[in-house]
């Protein structure tokens, strides 16, 4: 065991939350006497795994996550002595569909995506392989352009949101779900069938990050990619965004709930560390303060959809309300 | 003399004497094969070099601009009522004014300066503030807190221009792209152009890129490599100090001293196999052993160095063993016959003769270690770190980042301004690598000899 | 024990005819970096003749020998000046392919250097690259014949597949002779081919040399005056890089012209 | 040309005293893998005596020689049975440090194997690791003396800092002799030390051997019957891995007991 | 005594040991090194070794054990109540250490007197503020128990440090004395020192074994957890790789393994010929100048971060292959493909093959080349038939290294070959490798105790076993075809 006590806040986790966490950490370091927290990336899962490794100086204080912590993870945490966890929701991440700025513009509905990407579609009481290769075949209103999509790989939390809020939604909207259940599938099987994405190369899974998706679109200007809102906002000179159900994604439309595809972002504090690691409490409070996470703060400027219930979050942090207490 | 020329005629077989100038069919074939072989060799070298040049050109063309940065200078009046409401110049009190409090001061001063210069423009105050880096308030605040007496004075500050403005002067942002870009307007660019003509704005070499710590995604213009360079340097210190001696020692034992039996076969296979273990698995190992078991701190170069050492060891061992094996046994026999001990024959004769191969293994191993990110992911070094680690040895235990990590992080950032910085970081990494290699290559040339 | 049979120097009885000149060296200089190892040497190697190079150790015999098939090309620091012809053709000419030259002018090196291959492969190496055998049987024959001629067959026949590097010093030397003979060169350069051989093996190799002479020319470097007298028709005496005397062997050993030659061949020990 | 001076076999006139036995080999067998290279050999190496090993190439002389300082340990496939003592102590005993043994029993190999270092460093290596010189001047002296004794000084003195591998074959051989002599071993094993040497150099080396005999014992492998007769007091004749005969040199060469010995030494050529 | 000074003293003792050991040996030999068993330096080194090694070993153990013992000791001082409040004993101990460190620093900076630090109490002073003055930040106010424990910690540590210095230095002195006494003309100092060195060499070679052990152990339990959650038959023989968040993932190994082998094979097909030819050219044909430039240049290829290669594959090579090969040949329209990743990875691997092979080829004795040239062989024949066989073991080592690197690579595969696990023969299709999925599943968003995340460990271990098999095979090949020169 190292003799030195740790005096830097240690944060780990989601790469989606990372940009926001670094903005906060940087400002925190500038405005407080505490050292700038160390923010690791590596994914929500890694962050939580490290977080749950136990209590003590060589474990992280905060885990960033682009999803909420799972029940099984809480159990693992508890088994390792991490019992008091404070869950902090910092806002929402909008998920947008964008294509090359010089190409066609798109106005999508979830149904379009379902029809374009489903592995199999129900036709006359039978599941047949998806025959669609052109957007105009999916929906006559869409431009005559080959379907080529870059969607997050199955390791990304974004994929889960995409599957549920877009594909499954589309499946229901087109009535395909109903058709499947009529074919004798139970609800689970039907949902699963809805969310199965075609594997014939029309849709490409991206295991990397949005910069990879952007590079793929640069390599194939007919492609349509899935991005985070913040990423899109920083690249409006090369990307154009598609509407979903007639709503243009923006901080406002997502905050109001009009735009359907978004997910909440969190960080988790190890309560046991609060009084021990210098600056931890201050960092957490600073993160959720109006100056930072409010609708006019730097996080919103960067693309975070500010949480309308920020005040409640601030209370949770200030009063250290752990998950069990809620 | 002989009738050689006559004999070199077409009558094969009959006349044994053939001119050595004229090649027979078989020799022609063999020489053609020789020429082909040689051409393949040359082609292979050229492929390697061309690939390198291609990659270097793309890195350089993308990254050279990272070493230049755009600065704006203008006078700022540090008004007491904004920056020291208590009026007692107590730094503790003044620290209450956060960077958010400094922002309007700077924005206003910038607007005033432009007006004083007499430049006409249609940019609102908020957009004016956007032209200046978010780093500026922090810069100003730090200098004010360091010297509270500045309050009340007017001083000329030089601040970083925002990323898009900077990009405009590097050709990355154009008027056309600004039309479509939500983050910058053509008016801002025109104003920037005017400022440059008025001498308030200049683009010049940027030491901060090499010395400053990383910055958040909002401030690409301020992001630097200071912490990463230190982190990589520390890690390489650890790797070099451990991997080279341990690797060479292990190879010597296995190749020269170990009894040749099943066990040593097992060790040999095992070491080759370690080379095939994906680097992230070494991260898993490092996390389990060095952090969770030995209790070393996270994100620390010591842990990174240890993990990379374990990862580099197989490379060095394989290279070293191969070159030890290549030393002819007669050299060993000569030394032993003179009454040298085995140890002496190895250290005096065999090792120097194997040195070129050892150094090659070290170069390749270190190059790999220097550019590796995956194992660092699990031990917390793929991180945003702004505090410089202290000098070694304590500094080895402080949090730090690393050059490849910085590249990895920056390529993931959404602001396109980070693309040039990632390439710039790669340039620094390669320079770092060249420095490390230069010594090894020099040594290798000294040791190379044929017998 | 003063057995005369063993100690009599036996000069070859064959008359020395005027043979054609196979190789002609004129004004050959060799430098190793700054050292002048061979100084303006003129030598004629005749066809169907054994030429012996004698001289004290380090006088440049090997160096000069290596000029004759351009083996010096492979030494970085070595530089050769002057002219050497083979059948009237300058072997240092640009158009000459040293590979073809070396196929015609074979070489046995002073230090035995078998390849780390089986004995068979060592001998078969030359015939293979020169395509001297059409079939495996032919190759086997060449190998056997060469090993027999080099007096190694009896010792090697049961271990043809074992590495040549596992042989004794003298066996390695004979292996290298067999290897060189197997390629049937027109001129064979042999650098002390019997230095590690016992008298019987030496006799066999000398017989081989005599046999080869019928068809080719042979150049042999030797320290044994007796051997030179026994096998050669012409002898060249080198001293400190210079060619002191070059004449018919009988002449050199009975009536040398140069003082240095005389003192060398009459040197205290023979 | 039938110069008798050169061809007379000169037997050493010194009386062969009964010296102490320095090394004693009993029932030594050596196997290379399955090959039985040395078959139950008994030999006594006396102090202040030169012992010659003769025999046809490949008969096991080098192999047996290498047993005497345990150089066979370094060959993986080699296995040695039997007993060899040095001053009464079993050299294959577990407690024996082969390093110390080899410092006492020096060796000159059949193939010259200079280190790829300067000539000076080649010779100075042994004295350095054995601490034979206190000062640089002493070391210089040892180097010079050794090179002189090996008859290489004149040729090497101006190029002491040049690599030993750039020497001629015979020069390398003498370098290796100088290197072995420099460590002042008690027993010196020389495997064909004069094979690449001209008569004069050979004479000088033989003189050296004689000089060494005054203090140590020397074992020499040679193919030259004359040389064996000239320098040795005892001669061992090997044949096909067996020790056929071992006796005083005069006896072997004048009145051999075994038929094989006789036919070898009276072999067609001497 | 601070650690630094102990080490300095040890070094001094070692140096003294060296000098006096050497001197005694010399004087026992009457000043004549010739009668010594070993060189005088060995006697010195032997004394230095016996002085330093045991002392340093004990010091190392001490450094590990002392904090544990002291921690144990003070942990009794901390009431259960405090532990409960804070959450874990570990954390309280950390806090205690931080306070103790802070006090140390304060004393060192003169902000606190020694006695003051010892008698400080929470009632009188605000410890947090005091420490903040000297730059030690604490997370919260200091509990009285913690302060007491910290003070006790300082006392214990102080006395333990005294003991440490005493024991270590005593040991060093004993070692020195023992070795010094044994130093004598007859003493086999070289053997003793060489035994020491051999022990070090042996120790170094066990590190590789320990690493393997560590790797296996650190993955084993998670692998078992995975197989608890997921049937092994489906993992090993499954032909589908389709993880999903909703459960019901299919995690078949085969497509990943296929991708790994396919991509590695192509990478080797690119890098081995090019690397070998380059090595041969540099070692046999190129002039010294060309070689001294080309070799280091090609080595830089190994140092370029893989992300650069990845982007090169994605942006340049991929579209190129698609437009000029895949589409014209009707083999698909994917720009990320096995081919793309394989070729680009092959380029990266060139130096692995070329540099090491070049060194080994260079080490083949010149006499073998001479032998071959003397028989009239061309240079290429010599290379192919004499030099390469002689250099084979080293070259196989180099190729194995390249293959290993190919199997372990992620970035190039992610960007060049895509992320889709697929079983296909078409080299212009996107595929992926085991390593990519290890990284992906380990750093992804899935629940870390779900099979989707745990599968990373199973994949790692499986890959480990498979490469072990390949290596055994390679060793077998080398043994069979090895040609030992001289």
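Order of writing sets the labels: A, B, C, D and E. Residues in every chain begin at 1.
Here is the rule we use: a contact is a pair of C-beta atoms (placed from the backbone, for glycine too) under 8 Å apart; a residue touches a chain by one contact, two chains touch by 3 or more.
Composition by chain, UniProt nomenclature: B = Phosphate transport system permease protein PstA; C, D = Phosphate transport ATP-binding protein PstB; E = Phosphate transport system permease protein.
These numbers come from a predicted model, not from an experiment.
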Smallest number of contact steps required from chain A to reach chain B: 1
Shortest contact path, chain A to chain E, counted in steps: 1
Farthest-lying chain, centroid of Cα atoms versus that of chain D: A
Centre-most chain [mean C-alpha coordinates]: E
Pair joined by the larger number of C-beta contacts - D-E, C-E: C-E
Centre distance in Å when chain C and chain E are each reduced to the mean of their C-alpha atoms: 56
Length of the line joining the C-alpha centres of chain B and chain C, rounded to whole Å: 59
Between chain A and chain C, centroid-to-centroid distance (C-alpha), Å: 83
Sites on chain B at which at least two other chains make contact: 30-31, 34, 287, 329-330, 341, 353, 377-378, 411, 451
Junction residues of chain A - those touching two or more other chains: 1, 4, 6, 33, 42, 46, 57
Contacts with two or more other chains, residues of chain E listed in rising order: 190-191, 311, 365-366, 378, 381, 442-443, 484-486
Each pair of chains that touches, named by its two labels: A-B, A-E, B-C, B-D, B-E, C-D, C-E, D-E
Residues of chain B touching chain C in the complex: 1-2, 4-5, 7, 16-17, 19-21, 23-24, 26-27, 30-31, 34
Touching residues on chain E, where the partner in the complex is chain C: 365-378, 381, 385-386, 389-390, 483-486
Of all residues in chain E, those that touch chain A in their complex: 67-68, 71, 86-88, 90-92, 94-95, 97-98, 101, 132, 136-140, 242-246, 248, 311, 314-315, 318-319, 332-336, 414-415, 418-420, 422, 429-430, 432, 436, 440-450, 452-453
Residues of chain A defined as touching chain B within the complex: 1-2, 4, 6, 8, 10, 12, 15, 18-19, 21-23, 25-27, 29-31, 33, 35-36, 38-42, 46, 50, 53, 57-58, 60, 101, 209-211, 228, 230-231, 233-238, 291, 298, 301-303
Of chain B, residues touching chain E in the complex: 30-31, 33-34, 37-38, 40-45, 47-49, 51-52, 54-56, 58-59, 245-247, 249-250, 252-254, 257-258, 265, 267-282, 284-285, 287-289, 310, 313-315, 317-319, 321-323, 325-330, 341, 343, 353-354, 356-357, 360-361, 363-364, 367-368, 370-371, 373-374, 377-378, 404, 407-408, 411, 422, 426, 429-430, 433-434, 437, 441, 445, 448, 450-451
